[in-house]
Amino acid sequence: MIPGLADIPFFPEEAGNSAPQVDAIYWALVGISTLMTVGLFVVITCFLIRYRHTSEANRTMLRLSPTYLEVTWSTIPMIIFTGLFVWGAVVFVKANRPARNATPIYVVGQQWYWDVRHQNGRHEIGDLHVPVGQPVQLIMTSADVIHDYYIPAFRQKYDVVPGKYTSLSFTATKPGKYRILCSQYCGTDHSLMTGYLFAMRPDAYQRWLQAKDGTGTESMAETGAQLFRTFSCSGCHGENTGVHAPSLAGIYGNSVPLQGGQFVTADDQYLRDSILRASAQVVAGYKPIMPSYQGQISEEQAMQIIAYIKSLSQPPAPAASLPVPNSSTP
Amino acid sequence: MSSASTTIEPSPTGPPPERHPVTPDYLNDGYGLRSWLTTHDHKRIGVLYLLSITVFFFIGGWAATMMRLQLLSPHGDLVTSETYNRLFTLHGVTMVWFFLIPSVPTVLGNFVLPMMIGARDVAFPRLNLLSWYIFVLGGIFTLYATISGGVDTGWTFYTPYSTTYANGHVIAMASGIFITGFSTIFTALNFIVTTHTMRAPGMHWFRLPLFVWSLYATSLIMVLATPVIAITLALIALERFAGVGIFDPRIGGDPLLFQHLFWFYSHPAVYIMILPGMGVVSEMITCFSRKRIFGYKFVAYSSLAIAVLGFIVWGHHMFVASQSIYAGMIFSMLSFLVSIPSAIKVFNWTATLYKGRIHFHTPMLYALGFIGLFTIGGLTGLFLATLAVDMHVHDTYFVIAHFHYIMVGGMVMAYLGGLHFWWPKISGRMYNEKLAQFSAAIIFVGFNLTFFPQFILGYLGMPRRYPYYPPQWQVFHILSTAGASVLAVGYLLPLCYLTWSFFFGRHAPPNPWHASGLEWNETSSPPIRTNFEKLPIVTREAYDYPYPIQKDA
Amino acid sequence: MPRESASHIPEQFESRAQQEEADALGIWTFLSTEILFFGGLILSYSVYRVSYHAGFAEASQHLYFWIGTINTFILLTSSLCMALAVHSIHDGDVAKLRRYLVLTFIFGAAFLGLKLCEYYLDYREHLVPSVNFDPSHFLHPHAAELFLFLYFAMTGLHAIHMTLGLSALTYLYFRARRGDFSQEYHSPVKVVGLYWHFVDIVWVFLYPMLYLINN
Amino acid sequence: MGAQKRPERSTLYWIYASLVLLLILTAIGAKLPLGAGAHDVFAFGISIAKTILIVSIFMEVRYDKGIVRAFAGAGLVWLALLFLLTFSDYLTRP
């Protein structure tokens, strides 16, 4: 049962676009730290031996102001650290900025599993399938407490926070099966909130996406359209209704004037808040009469309705820039 | 009205060690429980704290032992995950609030601060006693919460988990910490005022021992940060009680706001947990090198710099918590900045060894261990301050290893070192030197074996607070648990031989280490109730040791 | 010492001046703590007010502006009495000290009484989160609930401070009657005075924060 | 110790009168049709003015030593740090 040394992992696999960059900084830090630690230990050990109380070493020294030394050993680390800060910040910003053509995948964290939905409606629990070489953006929220979507092989993680959308952007670089972990403590079975990420070659990914397993029959937007009617959203927001509510066609991604003179971009977050906490940001010229759907519409359903609202903005759906799979088979 | 004072020149050797057994001292100034529980004497209050935090240290240590045993196997055969979650919460809460934060300030600080500055007591002795009672009251709440089933929030109490979803006695636990917060605040208030107003004639600021500087800086943090955690925990308890509150995402409350408030306290609290240790190390390094500290003012000011800078880096706990990326960058940069004063201290301690006359008594071993472990802990902190690397290692065992190097490798080493250093003053007795050196070595080895593998685990991706984990990682957990058992022996040994020496040890001379400083040269071992027969007038600089022999350039 | 006052100098001090300096620094340090104690709440308030301005303004209109205003007036008056109390004992006039302490107490108690009435009115109007909050009164019920939760938390914390202040005033009064204070020694009066003014200042900020949000 | 500087009794009354005047101004200002921003500046400006009066005269900071002033300021400086850095997050969120 004792594993051979070869079986013991000492370093995680690199399988995402940010992993080599993070590792480069990591090794630089390891190098600097080792150098400083070893240097310091050698100096201290020498002093301890040379100036032990039984030694008769010469203890006369020049009366020197320590200021030069102090300035030196403050400035040199300062310069190194500034470099490290800039390097780390650049990689971090790059890693978190979604590519323009990233495929959105929707993730809802719940005690204690990940509920994942692809645009074409393909649904999975816990695991995640992504294509290699194509940028992906996870759009994530939580239905209960804070979770954290962590993929060690990609060196990336981001908190999944109730009440807001966060995102995790990456491109898988190597086909394979990698661990997904929840790294923000979320309750009893926090350590079982795990799964596998399957990085697949694009054609295999497409096949997987199209496979009918009972969940992937309708796209998210189509389900959203149904929900839009089920929850009677269409009663007010639809065409030619008597109730005075703003039309949602073409709203996504555009600037919306609010009561009080501010403007807000109608992004996923804004649409989510408008559905679940209707009165928070009311469009100028409309009365805040929309009821709050908190507790009635789940986070998954909100995501589907948003997908529907988005689809209204990109006729003819789906947009050409997005590699939405059910539009065509390559 | 200091006319009654007298000039006494500190002598490096001190008076002869004979002591008449019936000489009055603070320990025999009144017997019985009552004389202890109503004492205003800062030394007795220090001893009361020593006893209480030792209890909490072993409670927290027990929880850690259970966790390490559980992690021997990846399938978690010992306890359920419910229990495991309660164990790490208990470990975190007791170790942070009931051991590390009070350890050096309330035990060693209370005991030696007035003596170091040449005062008969702290400025507000009754408040000092009151803060011990408040501490005990907070402890009772916490123990109640533990015994009646525990709390599974982790010591961080993140919302909305703690307010809505957690099981267990969150309100009682939060109240315990809230109450203890006032104990911290009152102690700190006492230290600040004492340092300002109670210094003996001639004891100006730059003659203060560096331990006093570090206690002063620590007290500033305590006074300015603790109220924020107090009000935040009160809000948590209120929200849990009322079922609605300002952190509730259902009504638009922001969980990030809680994190800002929490870390505004809890990051400076890390410095509460290390700064006093740094002060203790400065005392021990100089004493056992028989040498003045190198760069006194730099070491003194670096304490204040750490106290201030420590307040403006809290956001590095929130890089991936959906804080704005710009705030992330500001906090990352500031976090690198705070490492500079810490580096200054390490370099100055090293330079102090140069041309000293170095003795290897137990406290010195702890001090050297502190420098080594703190250096590793500090440098790994840079990894976490780097945005891109933190993205990977945040909330993993890398973080666990890092802060244990600071908290245990740093603060606990310093605390034990200081306890051995001032033990002759506290107990009037000497401990067994060989045994003490042996256990210092055991602690050093056990500590590294416990926590170094966790750095590797962390970079592999092992998240914290996991009772179950992938089996490939087991070997590192086995190493870690093996180290923890060595460490446990290392902690039990001092408990035994120090207790033994308290009753049966050889009587201590007033200055067994030939140290400089008023507490060694102007008081007996143990000191009399008012510390000094006559208040001293200070005419010497701090650390007036004979080395180095200086020659003008 | 010109006159043997009832309370001698505690043994840890060398002189009365040293004791007074310690007392002054002590209370100011404590007030710094208090600033950050309220600071946590004020920060939360500010964050949400920036995020939900319209909702906060709306909910603020449901509070009793005139009660808030009168209470501010009462508290300012009590602060004056406290300042006069300190002034009197500085002149050695113990009788006046006692009179002003009583006046301060009365105004403080009036503030609390009025505050309680206001709480009762709030309760009757279904404004108390988790007890009987009625979202149908509001266009922005979520923000209103946040605001009202903060309102009760902040004014409640302030009221607790007022209550502690009243206890401290009572304590001072009985010590004054026992003859503990004189021109030479009246540090406790000053300490309580500083605390009282501080609590007053907190209200000076709570007043516009809670009652005066306007669209 | 009696020689220590402190406010005159009449000063206390004058300060009180100014405080009440400021209160009346706030109350009236709240009802004036100013913009939201102007309202806040007005209301909190007056609060700050009141605080300065109370702190400097009633609390006698004007007559105190520098050290007391530093202590009185420390809490405010730290509160400012708390605000500054927290809002560095909130105000720069997308």
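Lettered A, B, C and D in written order, each chain numbered from 1.
Quick note on the criterion: a residue touches a chain if its C-beta (ideal position, glycine included) is under 8 Å from a C-beta of that chain, and two chains touch if they have at least 3 such contacts.
Just so you know, these numbers come straight off a predicted model, no measurement behind them.
The chains in contact with chain A as well as with chain C are B.
Among the remaining chains, A is positioned farthest from chain C, on the basis of C-alpha centroids. Ranked by how close its C-alpha mean sits to the mean of all protein C-alpha atoms, the top chain is B.
Averaging C-alpha coordinates per chain places the centre of chain B 35 Å away from that of chain C. Chain geometry summary: the mean Cα position of chain C and that of chain D are 15 Å apart.
Of all residues in chain B, those touching 2 or more other chains are 196, 224, 228, 250-254, 256-257, 260, 325, listed in ascending order. Multi-chain contact residues of chain D (touching two or more other chains) are listed as 67, 74-75, 78, 82, 86, 90. Shared interface positions of chain C, defined as residues touching 2 or more other chains, are 25, 29, 32-34, 36, 39, 43, 47, 51-53, 142-143, 215.
The touch graph of the protein chains shown belongs to none of the named shapes. Of all residues in chain A, those touching chain C in their complex are 259-260, 277, 279-280, 282, 288, 292.
Contact residues of chain D toward chain C in the complex are 1-2, 6-7, 9, 12-13, 15-16, 19-20, 23, 26-27, 30, 34, 36, 39-40, 43-44, 46-47, 50-51, 54-55, 57-59, 64, 67-68, 71-72, 74-76, 78-79, 82-83, 86-87, 90-91. Interface residues of chain C facing chain D in the complex, by the touch rule stated above, are 16-17, 20, 24-25, 28-29, 31-36, 39, 42-43, 46-47, 50-51, 53, 57, 65, 69, 72-73, 76-77, 79-80, 82-84, 87, 90, 183-184, 193-194, 197-198, 200-201, 204-205, 207-208, 211-215. Interface residues of chain C facing chain A in the complex, by the touch rule stated above, are 52-55, 138-143, 215. Contact residues on chain C toward chain B in their complex (touch as defined above): 10-15, 18, 21-22, 25-26, 29-30, 32-34, 36-41, 43-44, 47-48, 51-52, 129-131, 133, 142-143, 145-146, 149-150, 153, 157.
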